[in-house]
């Protein structure tokens, strides 16, 4: 995850930590033609479902297929949005409310490209990545997450 | 900069470091209704100007006026873009090519709001913040930066 | 006769009560779905996304002996 | 007579060769600009953004004794 390759995709056991983030940031600074980093973090929200609170999400994935699909999304971001680099980390297993479950970092030459490229990657992976979230509720029941 | 207030604006001497970033991230995790963080980093680009390379930018600011204007931008982001928090760090003094000079972090309930809110804050501060960049060039000359 | 491995994900793994099964004698993905619904009637409530050897398919596709088949509910990552 | 402090920023501080000066007897911001251009003819090449007591102004504004005036070139932060 923290190499100097312009593309990476990693499944991370449990919540994504600020350490993961700074490591990734540091790995990109060698590109002196990149003026803009756009980063998105997804955090598990303590939503209410039928009067019960979401306490955590338990993520599972089709890992092999995810790797193939994410690589395609990355390739398209390089081509269509002039991305210099695309890095994605997604949690697997349990992530508590208030913890980070997703990180997308895109670098580009200029800021407007980077906004568009980051949003593009996030929207596509939400739709296309074979990952499932099981929302664990305060009364020990659960509910399968549905993406809108 | 790393408190639990939903708004902060800081001038930072020199380049922004990954440590600054993770500290700021950690300070926001107490908001369990925030599902989305959008973060923008500006990095000094080694652009070419008249065949000379930009080696660093030396930033100066009208600090008092910047604080007032940034607070207004923050207030507008809370009202118009449902931001839960807005944190901005801008460098002062010399920042070398490949180093970070700006960080904007916005948290929102949902991802689409956070993309819009972060872009809104970045675009406005680029136009409205009384900060000046002096581009230091490879032949020891310099050129005052112009924002597009 | 074809013999394939079928892996279930998300709520479908829960309904199957196991992560994967072997299926015999299904020649295409439509037949596969029919057989799964017969075996696990509760799966009828869910949309299936099917991948054959890590290729998503969106129309009926023939199945060859040894294929790896993934049967997935709608995605909800992030 | 009014006596105000004028602070320069960016390229304008460079042209003034000092960060701030005291000005006497200017009664509004138009007069201020005229006096600055007389004193520093090179400033004519630049657009001025003026703030009086940390309020940006976009039309001629009267100046009171003791006002803090910022004279700024176009911004280029970030």
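Per-chain numbering from 1; labels A, B, C and D assigned in written order.
What we mean here is this: a residue touches a chain if its C-beta (ideal position, glycine included) is under 8 Å from a C-beta of that chain, and two chains touch if they have at least 3 such contacts.
Just so you know, these numbers come straight off a predicted model, no measurement behind them.
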| Touch-network distance, chain B to chain D, counted in steps | 1
| Separation of mean Cα positions, chain C and chain A [Å, integer] | 27
| field | Rounded Å distance, chain A centre to chain D centre (Cα mean) | value | 48
| field | Centroid spacing, where centroids are CA-atom means, of chain C and chain D in whole angstrom | value | 73
| Multi-partner residues of chain B (at least 2 other chains) | 42, 122, 126
| chain D: positions in contact with at least two other chains | none
| note | Listing every touching pair of chains gives A-B, A-C, B-D
| Interface residues, chain A side, partner chain C - complex | 42, 59-62, 64-65, 68-69, 90, 101-102, 122, 125-134, 144-147
| request: Under the touch definition given earlier, write down the residues of chain A that touch chain B in their complex. | output: 18-19, 21-23, 25-26, 29-46, 97-100, 107, 109, 111, 114-115, 118-119, 122, 126
| note | The residues of chain C that touch chain A in their complex are 7, 9-11, 13, 49, 51, 54, 56, 70, 72-78
